[in-house]
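Think of it as A, B, C, D and E in the order they're written, each chain with its own count starting at 1.
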Amino acid sequence: QEPAKKDFTITLVPGLTTDAFYITMNRGAQAAAEALGITVDFQGAEEFDPVLQTPVLDAVIARGPDAILIAPTDATQMIEPLRRANEAGIPVVTVDTFIDDGKYQDGSGDGDFPVSSISSDNVLGGRMAARAMAEDMGGKGKVYISNVRPGISTTDQREAGFKAEMSEKFPEIEVLDTQYNENDASLAASQFQAVLARNPDIAGVFGANLFSAIGAGNGVAGADKADDVTVIAFDAPPSIVDNIKSGVVDAAIAQHPAEIGYYGVMTAYAVLTGQSVPTAIGTGFTVIDADNVDDEAIAKFIYSE
Amino acid sequence: MKSLLNAWSWLFLVLILGFFEIYARIETGQTFLFRIYNIQSISVAASQILLLSLGLTLVVVAGHIDLSIAFSTGLAAVVMALVIRIIGPESGWLVVILAMAAGLLSAVLVGLVNGWLVAQLNVPSFIGTLGTFGIARGVALIVAGGATVSIRSEEARSFGNGEILGIPVPVLLALVLAAACHFLLTYTKFGVHTYALGANRASVERAGVDVKKHLVMLFVISAITAGVGGLVYTGRFSAGAANAGEPILLYAVAAVFIGGASLTGGQGTVIGTVIGAFIIAVIQFGLVFSGLPPYWQFVAVGLVIIVAVLVDQSRDKLTGSLS
Amino acid sequence: MTAILKATGLKKRFGGIEAVKDVNFEVHPGECVVLAGDNGAGKSTIIKMISGVYQPTEGTVTFDGEKLTGKSPEAVRRAGIETIYQDLALADNLDAGLNLYLGREKMTRVLGIPVLDRKSMRNAAVEVLKSLGIVVPDPTAPVRDMSGGQRQAIAIARAIHWQAKLVILDEPTAALGVPEQREVMALIERMKKKGVAIILISHNLPDIFAAADRIIVLARGVIGGERRPSETSDEEIVRLMMGATS
Amino acid sequence: MKSLLNAWSWLFLVLILGFFEIYARIETGQTFLFRIYNIQSISVAASQILLLSLGLTLVVVAGHIDLSIAFSTGLAAVVMALVIRIIGPESGWLVVILAMAAGLLSAVLVGLVNGWLVAQLNVPSFIGTLGTFGIARGVALIVAGGATVSIRSEEARSFGNGEILGIPVPVLLALVLAAACHFLLTYTKFGVHTYALGANRASVERAGVDVKKHLVMLFVISAITAGVGGLVYTGRFSAGAANAGEPILLYAVAAVFIGGASLTGGQGTVIGTVIGAFIIAVIQFGLVFSGLPPYWQFVAVGLVIIVAVLVDQSRDKLTGSLS
Amino acid sequence: MTAILKATGLKKRFGGIEAVKDVNFEVHPGECVVLAGDNGAGKSTIIKMISGVYQPTEGTVTFDGEKLTGKSPEAVRRAGIETIYQDLALADNLDAGLNLYLGREKMTRVLGIPVLDRKSMRNAAVEVLKSLGIVVPDPTAPVRDMSGGQRQAIAIARAIHWQAKLVILDEPTAALGVPEQREVMALIERMKKKGVAIILISHNLPDIFAAADRIIVLARGVIGGERRPSETSDEEIVRLMMGATS
């Protein structure tokens, strides 16, 4: 690779293409691309799933971009498919999620080859959701998690972080069984209502993704429980923000996808131009709630549509 | 015979309701069934399934299938939300009605394409509607820019979440459409021809019915009820999502088959489908209510679906040997 | 009297098989023409070309002065031709009444709303079948549950129930009991008297001779000969069927 | 006629390959088709679809459907991974083979239940296998504890990712199973009875074939090929996931129908299904390769599926009027 | 000579309809028993109870000293009873050869592996059909594409091709051409000579009288009378069919 070359092409492979989080990440990546005068493509599968992501990745490798930014859909399962990119001489930067243990270039583990990981730690995000929830509830009561389906690493991690934080820090909060809604907001709403029918004292729901949260929020509103039940959402697309404004959702844990995309492209560019890069960059979270939702400073953390 | 069949589906629904009622009384001391809240929750969930399966019932009776409803729903939801966003919610009911018309129209377009493919080009409906499934999905996502389109319209919200005489609007809509579909299938020429088409295409063709036109109408009806499902979705959640209908597709198809329809056509009733949708909604609600751990819920839903049909089977055996 | 139906140069290919080759004939009002011929001779194919189920590869059909070729079964039926097909084409899941009226259902009004009149169609079906000598034990049962002859009778009833100018019957008595066969033969006689033209396909020599004004014998897709019943014999007809040229 | 049908599916596959080849040469100056990497990637993706659709083809020819394959795959994948994890990967090939046997067995159990439901209890296959879909899903998740079961076994890895004579093992396996299914369907009594069953159940029944046994075998075969799909998954990704098969269910069903099968049964070939699976894999790979934006890809896939069948239709018209 | 088949007290209900009520009869080797009766009399139902397609509501069937009741169609067929059903029950998507051999396919070996011998089955089918006077234009075509009579002939061929002790024929000549009808009648004669027992259902009086050793007349599910052809007349049989008690 001659360092003189400037018009690089980088492909961003999201976990799935139909999610505001990744669409916002792409916005950030495009902003960086514009600043650098390079091209960033966006190619991914329709669901967050390794079987679907692998063929897309294979085809991206065949197309031969200069670097790949990818949100691997599974820490173990995507090691093999990504190894092929590495073997083809394409530098890999993982964004949002990671492979193996997320610690690269230290000579340990099967998935040591990516040059850098730019992640927002989903486990930590889950912990922050738990903290926001506990604070709103006054540290005790019954809550449950509304999740998509088992086996999706990001939402599984949010769930794990949420449960860990609750059991470590808030022993008086009882976390009930998780309810899976298949990304069907309508089912998520009905599930909240069933949980409420069984536990009239339910005090909080953590919606681990967009549809889980708006569904649970709708269930809460339908039961006239908006004042008694705390709804915490993960991710902050405008529909969640609208729900915060209308009081259906109490708070959202916003990741910083645009930042991730921006740093991802910058990191890849640095690698391509022969500069050294840190092997791990963490991006933070912002808690959006009714108090700060209208702040100017917060607006940039709302995902694009 | 037809009324008997329905009686047995009813029976099964009553059985699972009774089961949950007894369970609830013993375990929690509460009633399951006799709470308006529970009934409303279950009905709203059932109506969202039902809206996708009503038109589908007619298509299946005619011996076809319509997979595209998964995204006719999504397309209608997205288009409605977009129109409200573009015009602005200030114009009140006018814009909402306009937006709903636009959403419905987009679904009807999908139905017309399905009808054209199946009737005119003789594409098998499974493949043809799988194709429009992809197309409607892509178009909905392109139009929406990939994400959900959130809106702020008090009118739309009240359309999706309001009540009339204590009945939630989505339930009312689903029941009105169910009654219309039932009337169509049972009391009109169109309905008889649909059954005949499912049993033997030659019979209707030689009877001089314009089968092509009939097929197009069936797919349009299917698209309309699915599209209404999308409008309800946008109203309920104040957001139009391209994948609004996709997770419900399998349940919608299941409701039709639990209701007595068959892959080979010529069988099925709207009342059966209504009961099928309620059976699914009651199980989903009841299992959460009863506190069964989540993975066991998958197992239980599977078992209940099978048992629902077994009850139907035993009817045949019983009436066969009794009467 | 001019012919009501005229078939000219009819030809039909299926893939590599030429099922019908250059067939010409006419039918006059009040006349019964029998199409006779061995299995696979092309009889059913010819009548399907008349009734619009198949489009001829070549040739034309005119009816009442109008060209029928290219028209749909619906249009042919509206023009006044009723057909009973050998494969019956019943809707097995419907009852006898609905099958009889399929495409022309009777309606009634309930609270001003037009709805199907299932009961009156059912009663009419029972009546028409009775006139053919057939008793249906349960008129609400789907025709799937009926005996071979009962099903055949419904198909016949469907054709004769309407005032047609030409009735085509493809082996109508094949599955019928002896009394019912006699009913159908009597019926053909009655229709002829009313001036209805009839094309009958049959393998039953006594029936052929009893009903026919003219017998057209097909062999392997071509007309092997045409005879008046009074001028011919069983044996000659069978010889013609087997391909002897006249 | 049968061979002609296949010739037309081939033609369509060749057409889209040609299209992408020309496109790639013009746009990027590279070849699309004549790169081992591309061929391998496409073949592996096709083989993962194919493993779910091979047995399904037989079931569909017989006039039934099997939705449970979505989770027979997942169950087999999870069980295989669990056995390796429990015994430990040190025992090398022995444990891998044992684990694969266990995984396959778990899938066969699902197939037996399907067969029992459909053959013995007369449950319509759509409903019966939707029920076992839920049951297998729940069981797989319970067994796996909800998460994916990751393993570290060099042998399993090489089973899923290795090559023999330059052909990836999954592709080899899929082709061997395809050949076996093709043989079964074309050259054996079992195959003839499967076609006859799809056309007219009475014909085989009265011919003295034990239809119930036959149905059970069909569902077991379907479970076996789907189960092998699960084993390949665990090998490829060094992890067993309960969801392994679910996202490809629709593609697997589509492959069968693109290959010429029909909902009403009696039609379809294994070769057609193989071509169907390759058509899907080529489109998916080709569209990403050609850089089409993701949402447009949905539209394109939908269009190609429809056109694939239209090409098949025009064949009928052409041969009908030509010969 | 002892009877090869004995039906005792057979009864069959469908829902509210009693299609067959207390039917008793015997068939001896080399004998042709004709079941005659009006449409819906219960003839097809009786033979389906013999061949195992239906289980009788009451009554038993014994064959060759063994009880048949409760056995599957497969077991009945293995016991030596071949049946042609009125509804033919062909697999429409298969060719004539495969239909002829369905359930008993011919196999051959290629490289030591047993595979279907489609060609030899096809050739055999062409031969058997030729012996019935039927020429199939394209033996590789699915039977769906064949004429009514060609399909009927395949169903007949399927039953007679195997060495059975009892052959049941439900209206076998219904769709056949005149020459083919004669072939089938001759065939029945040949089978009788070989000692095969035959149960024939027919609505054709000349055929009934030509083939029968005994005529059993059914009316509305019960046996209205039993006659030897030499002792009765057309008119008496028809009267019995219509329910006159003997």
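Convention: a contact is a pair of C-beta atoms (placed from the backbone, for glycine too) under 8 Å apart; a residue touches a chain by one contact, two chains touch by 3 or more.
This structure is a prediction, so every number in the text was calculated from the model and none was measured.
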item: Contact-graph separation of subunit A and subunit E, given in steps at minimum; value: 2
item: Contact-richer chain pair (by C-beta pairs counted) among D-E and A-B; value: A-B
item: Centre distance in Å when subunit A and subunit B are each reduced to the mean of their C-alpha atoms; value: 32
item: Averaged-CA centre spacing for the pair subunit C and subunit B, given as whole angstrom; value: 43
item: Whole-Å gap separating subunit C and subunit D, where each centre is the average of the chain's CA atoms; value: 48
item: Separation of mean Cα positions, subunit D and subunit B [Å, integer]; value: 29
item: Sites on subunit D at which at least two other chains make contact; value: 141, 146, 295, 298
item: Residues of subunit E engaged with two or more neighbouring chains; value: 15-16, 87
item: Shared interface positions of subunit A, touching two or more other chains; value: 17, 150
item: Interface residues, subunit D side, partner subunit A - complex; value: 28, 30, 35, 37-38, 41, 44-45, 48, 141, 146-148, 150, 152, 157, 160-161, 233, 236-239, 241-244, 247-248, 281, 284-289, 291, 293-295, 298
item: Subunit D residues touching subunit B - in the complex, by the definition given at the top; value: 63, 65, 117, 121-128, 130-139, 141-142, 146, 250, 253-254, 257-258, 262-264, 295-303, 305-306, 308-310, 313
item: Residues on subunit D engaged by subunit E in the complex (per definition of touch); value: 186-189, 191-193, 195-196, 198-200, 202-210, 266-267
item: In the complex with subunit B, residue positions of subunit A that touch it; value: 17-20, 23, 150, 177-187, 189-191, 193-195, 197-198, 210-211, 214-215, 218-219, 221-223, 237-239, 241-243, 246, 303-305
item: Subunit D contact footprint on subunit E (complex, rising order); value: 51, 53, 72-74, 77-78, 83, 85, 87, 89-94, 98-99, 102-105, 107, 114-116
